[in-house]
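Chain nomenclature is as follows: A, B, C and D, assigned in order of appearance, with residue numbering initiated at 1 for each chain independently.
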Amino acid sequence: MTGELHEECGVFGVWNVDNAANLAYYGLHALQHRGQEAAGIVCVDSDGTFTRTKGEGLVTEVFNQKNLSILNGRNSIAHVRYATAGGGGLDNVQPFLFHHHEGNFALCHNGNLVNSTALKRYLENRGTLFQSTSDSELLAHLIKVSHHRGDHRNFNEKYPMLATISSALNMLEGAFAFLVLTADAMYCMRDKYGLRPLSLGKLNDGWVVCSETCAMDTIGAEFVRDIEPGEVIVINNDGIYSSRYSGFHHHYMCAMEYVYFARPDSDIEDINVHAYRKQSGRILYHEAPVEADIVVGVPDSSLSAAMGYSEESGIPYEMGLIKNKYIGRTFIQPTQELREQGVRMKLSAVRTIVKGKRVIVIDDSIVRGTTSRRIVNLLREAGATEVHMRIASPPYAHPCYYGVDTATYEELISSRLSVEELRQKIGADSLHFLSIEGLYKSGNRCELCTACFSGNYPTSLYDNK
Amino acid sequence: MTGELHEECGVFGVWNVDNAANLAYYGLHALQHRGQEAAGIVCVDSDGTFTRTKGEGLVTEVFNQKNLSILNGRNSIAHVRYATAGGGGLDNVQPFLFHHHEGNFALCHNGNLVNSTALKRYLENRGTLFQSTSDSELLAHLIKVSHHRGDHRNFNEKYPMLATISSALNMLEGAFAFLVLTADAMYCMRDKYGLRPLSLGKLNDGWVVCSETCAMDTIGAEFVRDIEPGEVIVINNDGIYSSRYSGFHHHYMCAMEYVYFARPDSDIEDINVHAYRKQSGRILYHEAPVEADIVVGVPDSSLSAAMGYSEESGIPYEMGLIKNKYIGRTFIQPTQELREQGVRMKLSAVRTIVKGKRVIVIDDSIVRGTTSRRIVNLLREAGATEVHMRIASPPYAHPCYYGVDTATYEELISSRLSVEELRQKIGADSLHFLSIEGLYKSGNRCELCTACFSGNYPTSLYDNK
Amino acid sequence: MTGELHEECGVFGVWNVDNAANLAYYGLHALQHRGQEAAGIVCVDSDGTFTRTKGEGLVTEVFNQKNLSILNGRNSIAHVRYATAGGGGLDNVQPFLFHHHEGNFALCHNGNLVNSTALKRYLENRGTLFQSTSDSELLAHLIKVSHHRGDHRNFNEKYPMLATISSALNMLEGAFAFLVLTADAMYCMRDKYGLRPLSLGKLNDGWVVCSETCAMDTIGAEFVRDIEPGEVIVINNDGIYSSRYSGFHHHYMCAMEYVYFARPDSDIEDINVHAYRKQSGRILYHEAPVEADIVVGVPDSSLSAAMGYSEESGIPYEMGLIKNKYIGRTFIQPTQELREQGVRMKLSAVRTIVKGKRVIVIDDSIVRGTTSRRIVNLLREAGATEVHMRIASPPYAHPCYYGVDTATYEELISSRLSVEELRQKIGADSLHFLSIEGLYKSGNRCELCTACFSGNYPTSLYDNK
Amino acid sequence: MTGELHEECGVFGVWNVDNAANLAYYGLHALQHRGQEAAGIVCVDSDGTFTRTKGEGLVTEVFNQKNLSILNGRNSIAHVRYATAGGGGLDNVQPFLFHHHEGNFALCHNGNLVNSTALKRYLENRGTLFQSTSDSELLAHLIKVSHHRGDHRNFNEKYPMLATISSALNMLEGAFAFLVLTADAMYCMRDKYGLRPLSLGKLNDGWVVCSETCAMDTIGAEFVRDIEPGEVIVINNDGIYSSRYSGFHHHYMCAMEYVYFARPDSDIEDINVHAYRKQSGRILYHEAPVEADIVVGVPDSSLSAAMGYSEESGIPYEMGLIKNKYIGRTFIQPTQELREQGVRMKLSAVRTIVKGKRVIVIDDSIVRGTTSRRIVNLLREAGATEVHMRIASPPYAHPCYYGVDTATYEELISSRLSVEELRQKIGADSLHFLSIEGLYKSGNRCELCTACFSGNYPTSLYDNK
């Protein structure tokens, strides 16, 4: 279902490292798949001076040697994002940077809050002005408001913002991984439900935090551990200090991170993403076997599952679908007229491989159904005699409110059609989805957020319902 | 003294006009001389949706057909600025845009506040976070704070922000021309001292406000009147409403607007700038006549004064100095080595004209003295037998705190040297400045801000001393 | 051996199609892997007016809506290239466009001539001036010289340039696929040895020619047949006319097209590239089996071979190596210092998959050996207990003179080291290469150019030796 | 008549200087007024390696620190051009660079040939292919053809190309200033009629040649002398060698260089351009006096003439018209709709100055008449009671074939209308032109090209009639 769902962001931070801005650049590059519409890096130097470069576009479009070279210091946070419907524009590109005489600070965020409307009203009624339309700006203002409410009575002089940050976090409901960078420390926190990933690593005498471990590997850092749900970690020049802003915590990690979002070489909560997907393919075979000549994965995210299905079934894996690697905003999309003429930029089927074959095609998920129908058509036009579709996740039937840019119920085809109706719609000879049980078994996990499949939302939803 | 002083900004606004964004583009182009480092335009459409394009560079560099075309609506404010020492970066590029559930609004500013340090501390102590390092952001927060202090008790339902804006303006001390754009109205205001210009014009059924009248002429609008010191004008679809936030008011218009900053075709408080300058040249001749063969003006800003001096003295005006028209940030400045080799990008003397002549050279002002010394050298190298320098303003001996990026006392050569010492330093055969009295007489005015010449600052200076 | 070898170009042409320039854009995009340094498109309209857009960079960087929109007409040729050592610069970016009163024409070329030095001398002695340093310009001048030698005595009025083109082609020795576009016809030709691919397709009433069939699939065209070695095809509004410029012809297709260059979904001389590679992996297993836990392919070009090896051996295929998808000239390469710090942009090993495993790693070829040593190191650092390297082609020991930017003999590690010496150098536990016989068997072919493996060059080499 | 006529180019060259490429950049900048559509610089280093940067746009748009830094060596030629109707596109941007085993060379050209059609036919019939549509490429081919015709029998070993260049120049008819750069020498030549300017200067141990002396002044070089009509100067490391390719020679310098094209600080054939213009204004007063209140010049090129008229008449000079300084291709021109709304980007009249006044407006020339009509309207709208137009050149009634992009006879309003008809058309109260005699007297010259005024073309016109 390539391209139908979008993770909203990836975050990256380093503390006390040489070439902090360059490492942030390479780190963001490794996280590019988590957000291709905008990117930014903030650094702070030993004098407390903050510098920032941000812009719209791919990491390679936003940054150049000149605008990276102005970023000074050994400490940095950075961000890539997918521009959500309501909130394009440069003002919404993170990290945000705030000026205050008690000390400037920068902030970036992965995830989505569910009570942002209420929090915005609360702050605006106190006279707060917002300069972005992003939820992520809320935390900054809540920190300052907490401060002036006196929530820093438990002031810890080594970590001056810890009390107010913790107080502010308790007002937030939803999914988040936040990084806050001050002149003296970097604060890293995950929501208490554990919905969004955030990992900690070591690089020489310094530290790295990032949404996915692949960014650590890229810069030669060593994985230490995940930030825990409900935890605030403070990193300063004395090392690491761990604190909890909430006693309640779960590990409802977003199942779609495993299924689709994350890079296959990342480990999320100790489970390798490729391994998860391959295992889901094996389980899918046992849940829905079928006689056929070849197994084909929809590139790129479904290749691991397809290999698992192929290995378990003994049916050979073939490269029957090819994805064209155009990326970035500068690509000129084909017009409707050209698409009708047959111009196919995203996916093409390999006639020589597919012709005369009974094909099992593995995809990671079905969202709107349009891609699936196109894939079945492509394969049939290329001469496939049978097309059996197997989906390595359950039917996607409920919107996500935790940072994934999904459609409404109306657009989610599985909320409207039964599996059999959907099979007819996409024109496949057979169609089967992985069970929800299969999702847990693929990672051998006992907790996951399966809200988009099951409708069981781990948080209250407030006005999102 | 071309290039030694920089006006900080120009503002432009239109209400209820076709092609608002395009008119703003052409208006900013006419104001380009007031700020060459950054530019921005905000529009608001009839649904209350704000759109913005801004960036660093010249107007022609920042805007293109594509990013102008996203600016919708009949109402717009716009800004050009010179990047002051402390405050580069995209965050400081105006207009600023603020989000608030009671209504978004945009704001831009020409001038400089003298009590910004105190106001920032006041706001930060209430929990306010700043996203720019610009003084101009203060007004936005003060408006909201006034609101929540209850200053809208005099609420006027036709002009919902008028009471809070007026209350906020009374907290500001310094020089300003502000434009505030909401979905329903545009608010235009000048400081009570009258330090910075702001003019009102009519375009069909709509309105124009701008720092200089040349921007009106460019777009075919008709001049109506100047905004008065201490006045707030509200423009909405019912027309214009005038209000005073302060009973105290003066017309201490910045004398340097006439002497150097403004475009010669602009009228400032009913005085044409070219006419002012030409008259100052005539007066300068009477104050400091000298026998010579030709009169030469330092281009571009001193040409009018030189013509006045020439006409009054009967000594022919000649084009003995030529200014090269490179502008913009993309010009590659000559290295020190090339400058020593004789590469002269800014000014060159025309040997054929100057050779063997006694030259009177007219400049508008002397700030650091380096340009003057260079001009005298250029003329002598080109064969001038005598060089008499006449300056169409008094010695510039005091820093400006009202929006001009001047040097400190140490850098102002007239604060350290007498006229005779300065004459020796720059190597002229004679040197005379216009008197302060001459400044008033040139425009037949009885009020002016002459702080940079006389040290008489019309406002309190707070911590700027 | 990702990135160590570079195919020099891809060509694309359409005749009599709607949206010719747009199709060329999408066609070039599909051929992007054949040349990432420059791209160009020439169109000719029904009035015989030629328009061109070209530039350095990726297809998405060179073209935009504006510069595509100036390309008019239903006929077009287009080109992507890799900038070879000697010949960067915009002048060398193809298609070339020539002005002549008998009719302008454009030309583009994939391949390399071996007698260019002699031909250049011949032409320069007649007074010819070259505006590029590219071999490809030679054909244009030879056509005109042939004309003035009288080689058009066999003039065919329907195909006015056919005789002179054929005459000129007979002077060329080496590898080529040429497209020549005139106002009346498109001429398409391949060298008589069949070294470089060129395929013909149909699109509604029009025609497509391109280096690889994947470009046809992308734009919805239907494959017709390959251009034959020694053939000149003329396409005009009456249809297709086939002619031979040489009676001698072979099918010495470049083996590296199958092994590395071509896209897996392309068919080259009726053999699907993915299928060839998978088969080579199967044969490689039979030639060099080894006991191990997992098979890992070096992405992207070795994945098919690795799957073949895995299927044939029954050893599971795993995604143990990940390639980062940075592309384009704007990517900021890590400095040496950062590389030593461990920043790894090209490849990373997935610890969770590799740790504690005996790994068979499949690569398509070894050129300089540096990448192989790095891969072995990466796998061992990630915890592999054994690393067995299997190469899906024979030792690359001889330079290519046919359009591949290879190193000299000194740089080709297999020309200096035996397989055992090389194994020690790269630090693998075992190392085996596919046999030359295996190359033929993988495609079930009886002719191939294996010069880089065997030293058997199908053409005379002139001064290249 | 600002903007109605365009000089086509400016050339610049240096030999044996430090920072050759940088000096070329500053030299081109000083010549920017001679061509604003494209620019290029070629350098050659001591190894004979040529490097080039060229592009479309202003000098500041084409060059940046990076692409200047690749230009190595102490010798350079450079070019700015205005894109003529038939020949836009990067291929036509000069300097041209040619590759030949006897030695590469570069070439640039100011002017236009009148026998180019015949020469092109001659060369194409020998098999020559052209890669630009520019006349300027012809010389390069003619040099090589001369060589192979044996015209180098008078070979001079110190100046190896001198004989063939001289032979080739004798085939050219028209207006030119050519620079040819080889590894060993720079050749500089002017046509035998003396139509286009070219001056020689000294810079330390090196040399400078350029279209106008202002480029010399800019880089600190000293004027030596003009290149003579019919002269070829060869500059190499031994110094300067002067040669004549033609015994026939005249000084028919283009009168429009003095009237409009050249920069006022340039000296052309020992006459300062500003001085020429001022004198023409004085003569114009004597030829056509009128009673009025103010004299206004159309900026920028008519200011000198207006000052002359003012001084001679005693009527004060005022800045009644202002030109907006937008330049470059990135400026967004107002649409027709906006122009009708009154948006005036080029010129505006200053109401305060003009209102109630009888105005004498001085322009340098009238080409199409549209600008003149607009100026009269602007002045009347601004309140002028009378508008008397005085033109500092005779009626422009004949096309130029020597490098000025003029209109056809149909478009030249003075070829169709009498002065009185024209006066009515533009709506002036009176209209007078300078006499042809006045053109000669203004510069105290006895030879000039006045073809565009008199129809007396100094050369044969071939097929241009």
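In this text, a contact is a pair of C-beta atoms (placed from the backbone, for glycine too) under 8 Å apart; a residue touches a chain by one contact, two chains touch by 3 or more.
The structure displayed is predicted, hence computed values, not measured ones.
With respect to subunit A, maximal separation of chain centres occurs for D (centres as means of Cα atoms). For the pair subunit A and subunit D, the distance between mean C-alpha positions equals 60 Å. Mean C-alpha positions place subunit A and subunit B at a centre distance of 48 Å.
Subunit A has no residue in contact with two or more other chains.
Annotation, chain-chain contacts: A-B, A-C, B-D, C-D (touch as defined at the top).
Remark: subunit C residues 52, 54, 89-91, 96-102, 120-121, 124-133, 140-141, 144-145, 147-148 touch subunit D in the complex. Contacts from subunit B toward subunit D in the complex involve residues 18-19, 22-23, 25-26, 29-30, 32, 60-61, 63-65, 68, 203-204, 214, 217-221, 263-265, 267, 272, 274-275, 278, 303-304, 307, 311, 316-319, 322, 324-328, 330-332, 334-335, 337-338, 341-345, 348, 350-353.
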